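Read through the structures below before going on.
In what follows, chain A forms one complex with chain B and a second complex with chain C.
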Partner chain A sequence: MSRTAPAGPRGAALGTAGLVAFAALWEAVTRTGLVDGRFLPPFSRTVAALGRELGDGTFWSALGDTLTGWALGLAIATAAGIAAGFVIALVPYLRRATASTIEFLRPIPSVALIPLVVLVYGTEIASVLVLVVYASFWQVLVQVLYGAQDVDPVAEETARAYGLGPWARLRHVLWPTALPYLMTGVRLAAAVALILAITAELVIGAPGLGNLIAVAQDSQAVPEMYALILVTGLLGVVVNVGARAVERRALAWHQSVRGEVPV
Partner chain B sequence: MRRQSIVCTVTAVLAVVLAGCSSGTGSSGTGPAASGSSTGTGAAALVDVKVGVIPIVDVAPIYLGVKQGFFADQGLKLSLTTAQGGAAIVPGVVSGQFQFGFSNVLSLMLAEQNGVPIKAISNGVASTGVAGKDFGALVVKKGSAITSAKDLVGKKVAINTLKNINEVAVRDSVQKAGGDPSKVSFVELGFDAMPAALAKGQIDAALVVEPALATVKAQGATVIASPYVDVAPELTVAMYFTSTSYAQQHADVVKEFRTALAQSLAYADGHPDDVRAVLGSYTKIPADTLKQITLPSWPADVNRASLQTLGQLAVGYGLLTKAPDLDTLLP
Partner chain C sequence: MLEIRHLRKVYEGTGRSVEAIRDIDFTLAQGELVCLVGPSGCGKTTLLKCVAGLLRPSAGSVLLDGSPVTGPRPGLAIVFQEYGRSLYPWLRVGDNVELPLRHRKGLSRTERRTRAAEALATVGLAEAGRAYPWELSGGMQQRVAIARALAYRPEVLLMDEPFAAVDAQTRADLEDLVRRLWTERGMTVLFVTHDIDEAVYLGERVLVLSRSPTVVLEQIEVGLPVRRDQLTTRADPEFTRLRTRVLERIRGTVPDAAARDQ
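Right after this comes the complex of A and B.
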């Protein structure tokens, strides 16, 4: 088990070592004057500023706002991506009809929609949600479509031969085939959703960590700004670790997680 | 602000398109404005008013006014929402999300010229009118060979938003110093990024406002001109505004807001220590920077003559197609 688990104690130790090395490099380039310490404060000063932020109520409410936008947006995008993905995958006519439209809409950067979104939804959380959902929906949808195409024809024919109806085939053939793809899609979407939530707050000014970063920028509060950026990075790590844990749990039966049985 | 000069144009166009539908919902009384009618039943009920502001030094008076109770005295309950620049505030006001907003005067002139239905109702912030002691300044790096705005010909000057008030102001400073304003090359850069860009020599000069101005001064930068002072004496730099439909339908609220705002502006002008204290509440300006910053001036009235001059300059530099219609725009 420990041989195949990707994130055992050794993996965690290596991950921590990577972070420590990054912090040391940051401290070094600013202390040696390679980068001007006035504009990029040393890691230690940034952490001190982070400590001050942690004692501030506005920080915690901003963190709550960001996480709310992220979680709601990701949930909506995942639900919509799964629903749309399976409907499109099951109807060959729909798949041909939507293929080019999806490829047209997918690369449009969410942030390009900001003027429209601000006009319709103002600077509240609804704007953040629209941008988050738009960006992360495609990640899920496209993975579900790929997954649905990967169904083993033999398995499909066998299911038909045993007289399984459309629902049973969806449940026992299509769903298990598409699930690993879907999990990858959700993991990608989780990261994209976080990026978009913070970007939306930063650019639009909706309440959240992004807005705090913008205020710190406007206030010439450089250590505080990097402290908040550090928080967004840590959030990303947490989100990724969480998504991987969910993935391992949901796919415990799958080869990619289970690993090859040692002979 | 800087991030959205293109966004701003697009929004202006969209704002016109959507203005029709949103004013429809506004008049049917779904927005917070509808609570204005509730004052009939309970005399003590306050009218909820949402104001879109930018988290910068300029809007300190409105925060002070709330703290001092000037708005409550007028029967208004303000909720201040910070947004990143006029590009988010103008559509917010037009669509009725905010009843009032804060924006620089040239953005408002541009909006008015594009047919966006807005109406300025009060002064927002003004230049101190004292050269070398204004809240915005044209600065060069310590030890730079540039000593006057005239020397900026052929040089790279950073401003926060291209094709806006700061471009007009810098060009005017260059012209008044005897240089050719068309030969200055502008780059767009956020105020927060200017100190580093200046120190590294990526730009030759920058129009910086507080609190970034305090940072560059602490770095030893030299002030070579005060562009807002050069444009016109005591130039009105930004104003509070509302949508034309709101101004027509809720003239009483607008009047109350204006009265409270006039008190707030006067109070801010007379109590600089209170201004610095309130700045600590909605910005993250470090305490030692807070002591250094030059505060702007907050007169109660819009300086119409200064805006006329600014409008003419903007036409001259091709930012506006015709002189702004100040009768329509101003209160």
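Right after this comes the complex of A and C.
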């Protein structure tokens, strides 16, 4: 089965061209003195610094810490979001009771909780986890709730008419219906989780890339700092591309992804 | 076999209630094929949902083999009006047909597979098992929905305007399919339609429903031969007579039975 991918080879070529142009512009503004080299080193020097980082064990262990906090937090948030979402969706009473609470808690920016988690957990990785989980949980939960409301009454009645019990209906009707929404939620959560992991490390000083950026800044290692920032940007791209790929595979049947099938 | 006893259904909305069905009362004998005709919105779908145990009647009852229907029953299958939405887009055609069987005890995986494949072959879709429903045409999807009902091996088959959305030729083919399945399998079939010709062509008996609030206007025995054919049956004078009779009854040009008696 072949399907027309939204980002084909053309899209990839365009994306690469954009990045090259960006790098060229960066190099140009710093070389011509438009921007002070002390605050923004040229692209080439940043890349050279990146090369040195890649040869350094500290960098790799920091990257490992960041990814651990990100993945663990995302996993916990996803599991909790799915469980809470289905329970709330299945119990009409809970749905009404939680609606306003969710609307109140959801917009609180996770970074506002930094003082609180530092008080409770100090600069441990646990602080990072709490912030990551809090931020990504809502993304997942809200999408699961939307998804659960999208169950087609005819699909539900068909299942009941053919003798499927509550569990079977959860598995065969509710879950597949909510899955596209859940995937969107996880993709959004993955991006938010990365932002939060790095912010938390940067501000709190928990081990990770964010912390390395803060250290580089304090020691005036400007090219190194930019090199690390580049890495976080690349991570973001990888996370998004990865999430979309998973989505496409899991939802081959779904309208938003499926293309025409040559018969 | 299937008794509908003074069924009444009122939908209670917030501040508004709709009396979809006032009083419907009829019986289906074992192995009978009965067509139900009535205007759009007269409560045909509502009636079938009550019979299938998906909706609770406001008054009256439905008896299957003498026992009241209070929820979905294994001996009863339904083909929904919105067949497109009733098939699951995330399952392949074969899995759609098989799904209801997965929750039946005492059926092995291979038995389920065979049953599903058989049912698909019966409706002429032996090759489509690996496709997704949305890769099929409307008429094919409708046949998948029928195959799903057949694989369930019901004693009673309910069909809700199953052919309303397909072209005339496909429709004729599907009508013949229903007749064939009915003669071969001896199921009891309750077939809902708003098409008078279809009702007369398919049914052994036609029940004519009134506009909402709905009652049964008349029951008409169809004296056509068991073997029916799209060309000869529809040209039969008896066919023309019956369809005129049903049409008059729906249009209201035939005086009410009660009024005639006076």
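Definition applied: the second predicted complex is superposed on the first by the 256 of 263 C-alpha atoms of A that agree within 3 Å, B and C clash if a C-alpha of one lies under 4 Å from a C-alpha of the other, contacts with A are read in each partner's own complex, and residues count from 1 in each chain.
Here is the rule we use: a contact is a pair of C-beta atoms (placed from the backbone, for glycine too) under 8 Å apart; a residue touches a chain by one contact, two chains touch by 3 or more.
On a predicted model such as this, the values are computed, not experimentally measured, just so you know.
Asks: If you stack the two complexes on chain A, which partner ends up touching A:Ala77: first (chain B), second (chain C), both, or neither?
Replies: After superposing on A, A:Ala77 lies clear of both chain B and chain C.
Asks: After the superposition on A, what does A:Ala161 contact: first (chain B), second (chain C), both or neither?
Replies: So A:Ala161 only meets chain C here.
Asks: In the overlaid three-chain picture, which partner chain does A:Ala227 touch, first (chain B) or second (chain C), both, or neither?
Replies: neither
Asks: Tell me the contact category for A:His172 with respect to chain B and chain C: first, second, both or neither.
Replies: The answer is second: A:His172 touches chain C but not chain B.
Asks: Looking at A:Ala216, would you say it contacts chain B, chain C, both, or neither? Reply first, second, both or neither.
Replies: Touch partner of A:Ala216: chain B, not chain C.
Asks: Look at A:Ala197 in the shared chain and tell me whether it touches chain B only, chain C only, both, or neither; answer first, second, both or neither.
Replies: Neither: A:Ala197 stays clear of chain B and chain C.
Asks: Would you mind writing out the residues of chain B in touch with chain A in their complex?
Replies: 3-4, 7, 10-11, 14-15, 18, 52, 54-56, 81-84, 87-88, 91-92, 94-95, 97-98, 190-192, 195-196, 199-200, 211-212, 214-215, 219, 282-286, 289
Asks: What residues on chain C touch chain A, complex-wise?
Replies: Residues 49, 52-54, 72, 74, 76-78, 80, 82, 85-86, 88-90, 99-100, 102-104, 132, 134-135, 148, 152.
Asks: For the complex, which residues does chain A have touching chain B?
Replies: 36, 38-39, 114-116, 118-120, 122-124, 202-205, 211, 214-221, 224
Asks: In the complex formed with chain C, which residues of chain A make contact?
Replies: 152, 154-155, 157-158, 160-165, 168, 172-173, 176, 179, 253-255, 258, 261, 263
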